[in-house]
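Provided herewith is a single structure, encoded as structure tokens, for subsequent inquiry.
The first chain written gets the first letter, and so on, giving A, B, C and D; residue counts start at 1 in each chain.
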Amino acid sequence: MNRVINDPNQVTEDSLAGVLRAHPDLLTATDHPRVLRCAGPATSRVGVVTGGGSGHEPAFLGYVGPGLVDAVAVGEVFASPTAKSFHAAFREADRGQGVACLYGNYAGDNMNVKMAVKLAAKDGIQVETVVANDDVASAPADEADRRRGVAGEILMWKAGGARAAEGADLDGVIAASRKAIDNTRSIGIGLSACTIPANGKPNFSIETGTMEVGIGHHGEHGIAVLPVAPAREMAGIMLEKILADLPFDGEEVAVLVSGLGATPLMELYLLYGHVDEMLRARNVTPRHRFVGNYFTSLEMMGVSVTLCRLDGELDRLLRAPARSIGLTVAGS
Amino acid sequence: MNRVINDPNQVTEDSLAGVLRAHPDLLTATDHPRVLRCAGPATSRVGVVTGGGSGHEPAFLGYVGPGLVDAVAVGEVFASPTAKSFHAAFREADRGQGVACLYGNYAGDNMNVKMAVKLAAKDGIQVETVVANDDVASAPADEADRRRGVAGEILMWKAGGARAAEGADLDGVIAASRKAIDNTRSIGIGLSACTIPANGKPNFSIETGTMEVGIGHHGEHGIAVLPVAPAREMAGIMLEKILADLPFDGEEVAVLVSGLGATPLMELYLLYGHVDEMLRARNVTPRHRFVGNYFTSLEMMGVSVTLCRLDGELDRLLRAPARSIGLTVAGS
Amino acid sequence: MQTISLGDAGPITLDIARAVVEAQDHLSAIDAATGDGDHGINMAKGFRLVLERLGDRPFDLRQGFATIGDTLLGDIGGSMGPLYGSFFTEMSEALNGRDTLDRDGFLAMLRAGEAAIVDLGEAKVGDKTLIDVLTPSRQAFERAAGSGADFAACLAALRGAAADGLEATRDLVARLGRASRLGERSRGVLDAGAASCELILRTLADGLTRHLAGQPG
Amino acid sequence: MQTISLGDAGPITLDIARAVVEAQDHLSAIDAATGDGDHGINMAKGFRLVLERLGDRPFDLRQGFATIGDTLLGDIGGSMGPLYGSFFTEMSEALNGRDTLDRDGFLAMLRAGEAAIVDLGEAKVGDKTLIDVLTPSRQAFERAAGSGADFAACLAALRGAAADGLEATRDLVARLGRASRLGERSRGVLDAGAASCELILRTLADGLTRHLAGQPG
């Protein structure tokens, strides 16, 4: 695996240094080396925090910015940030109105957030959490609280960030974030493995000619290993799994097709075409459309599809202006 | 190679279908199936056209949009668009004030544009061209007209598109575009090969543990095959080659670090950090900074660095608002 | 009554840290079978930092455990940072106000550490996690103490139970963490966290036992 | 004077298209040695479309060449579309207003095609391109015609020169196109475009020769 790195154990630090040099207008360093906050003056409103392992760029730090996330805790590659860095992110984001911590359902993140919330309580900072569990492939519907959070988190951040920017109180921001993720389902298909730089070799494998349906963002096993299907069938398999879990008939949705890293953009668009066509055939209209490398897994090949059922509020929140590395909405 | 495609000979069509479904607000189909134009009403001004092979997404079609390119001719994967599609793009972009065709220096593109310009002349459409040759590794300085156009084309489109939006006449748009590319130099390092879907296997190879310095966007041979160096040294090698060709002492520059496809974003930022640091050490200030997958080569691993020496005009043109799949500038 | 001065016991912190660092590849190899192969990396990274931070200044066991706890919580993310971090932090806090450690003090300390891990991770015995070492070890110590065994004998009971607990994880199906996605496929191999937990408890017990026997180091 | 009716010669267009389609893998293999291995793909794609478009309606050689030219220009990008596209377009236009083809008409047609390629691609003999087949072939025909040879003999001279020109590309170093990046490494193998050009000229010459001999098809 040929990489653009120095010391494989320092990739997170080294990469953060570059991010800060590239985006001084968007991101600012803090006292905690693994916490970045939104550049610019802090207005008095609810703070929005997220955090997660590195290697998913532009997630998580790429969604810090006006109208989105206020502060982010950055973990090692594929590892939860520490409790102390979540705590520091809460302190950065708090302006006296409380903090909404919007993160993904992984054991490490759950524990570190839980500890950080306790630490913040001692500082008198109120933190409420929403934990994303949009990955339909990671557990059956009746164990939905075991499901992982994946690319749907982006829509949760967008909704929560927009609601905070509107001036809602903490309950309001939490409610909007929860509504977003509760109406969101995702599923991924993995087409090749990836390698954590510090490990030097992949810790899972996907044979050429096969695809792992329901793969997780760290190579977690999916629900089926099948021969690689044409893109049209991939779209069908993914939509079927999503729609079985949350029927979307006759509604408007946001669709997010994200590459897992190494799959060319032209293939993501190709897949989007089929998803769009199939949704419309079911009388579901894609109102917001995102196609690109929004939530990746290093250099994994593959793709994820996320659908979010919209109501008037979610539509408004997704439409609200926002600026970040990963997502810019001009506003209308 | 596991791909998200249907028929490998139809990837370009299939992908275009998805692009049009995803971005009706940005891109519109035309009578020519391989030509897209900017959505929305056409104001009376100079038209800007580009075109090139597919597989470099978001280039080329990802730079169509307000403040950027008006119409694009789309080729097969890694192959120039036809003369007739360039011609059709000229017709789409022309509003009676002439067309600036801003493209890259490849044999096929040169020939097809040349023929298309002749065809357009018969329609009474005036087309002037600027051919980008920013890749310093593709020929020595005294044969600069043999150099390939690479990621620097994006800055040429941005400058030309902004100048057209300002209402400049054809000469003015051509002059700004030429100034942009004349002040721009790029170089790439390839870390793995890529596979054209219709071919099924890569037509070049890069051994693990080696890097091809100066690689072209289709895997064209570079100037040296070296053992993979730490990112810090990669940055040094690339900057040295660029700065030797066009000294930047004491000036402001735009820096564009683009991944070639499969190299993770965290590595691109890591490299950017070194480039930024080294430039500042030479008293060169990165005024505009772009880090991402701006101009790719399917799933090739590797990275390219582009520097553009700024004057007041280029700074203003890069700052001007623009909206497209690949590049959005909010304006200030 | 067998007691050890916390000051004398301080260097056991270093024994634990060195043991974990040395076991890096072993622990990662176990994790690779059912998890993502990084348990050794995560643990060694944390305990290498501990070794750096403890440096050459003198410290007692309470301070040593506090440093481990702080380092894991502050610098090691994932699950191990909070789990082992609060384990050592709570054990350190259980030693507050004491100068010496005896059998009942040790039991109270271990209970505090175990409670912190259970509170945070919500693992139960049988889930194929480090709890499958920790809980039976604490129980064995407790039983021995209940039947009147001295500190050294209780530590021996703990050691034995830790080893048995580790070995027993081989037959379990993971129900928590990364390995749980494997279902039945996780049966037949040890659990990585159980292996590190056994190593930590064994090193601690060995160090204390040596002190009780009057031969520290 | 040997002449052929353009109507009779029309089906030679199909011969050419079929020959190129059949040679797909052969041409790609040659291109793979110094280029990007797609010459056969590019050419076959174009000529397959030509076969589709020509369909079953009758057409003469002028119309056949016009269809090739249009198809290559309209549907085949890269270098081959414009180069061979204008080659056939210009040859077709050289036949405008004629019903038959004779020796001098053929020479005029070939010159027009060659001029279009040179004008567009600016390749010179020795650059290791299809020009290394096309120009010597045209010259051989011209020389033969100058010394009074009949149409069939001129075509035979062209065929021989095309084969020699192709073989000679083996010793050349590419100076144009993708292969030029290879420098000295491009020596020792044939040029792909030269191979397709030899195939096209040979198939054309063979077809016309058969007609001259009164045995078309």
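A few comments on the model shown:
Convention: a contact is a pair of C-beta atoms (placed from the backbone, for glycine too) under 8 Å apart; a residue touches a chain by one contact, two chains touch by 3 or more.
Since this is a predicted model, take the numbers as computed values, not measurements.
Between subunit C and subunit D, the least number of touching-chain steps is 3. Chain centres were defined as the mean of their Cα atoms; on that basis the chain farthest from subunit B turns out to be C. Note on chain placement: the centre of subunit A and the centre of subunit D lie 56 Å apart, centres being C-alpha means.
Subunit A and subunit B have Cα centroids separated by 29 Å. A straight line joining the Cα centres of subunit A and subunit C is 34 Å long.
The set of subunit A residues touching two or more other chains is empty.
Residues of subunit D in contact with two or more other chains: none.
If touching chains are joined by edges, the resulting network of the protein chains shown is an open path. Listed by label, the pairs of touching chains are A-B, A-C, B-D.
Taken in their complex, subunit B has these residues touching subunit A: 1-6, 11-12, 14-19, 21-23, 54-55, 57-58, 62, 77, 191-192, 206, 208-211, 228, 230-232, 234, 261-274, 276-277, 286, 289, 291-293, 296, 298-299, 301-303, 323, 325, 328, 330.
Chain contact summary for the complex, subunit A toward subunit C: residues 9, 53, 75-76, 78-85, 107-108, 111-112, 114-115, 138, 196, 198-199, 203-204, 216, 218-221. Taken in their complex, subunit C has these residues touching subunit A: 32, 36-38, 41-42, 45, 73-79, 81-83, 85-86, 120-121, 176-178, 181-182.
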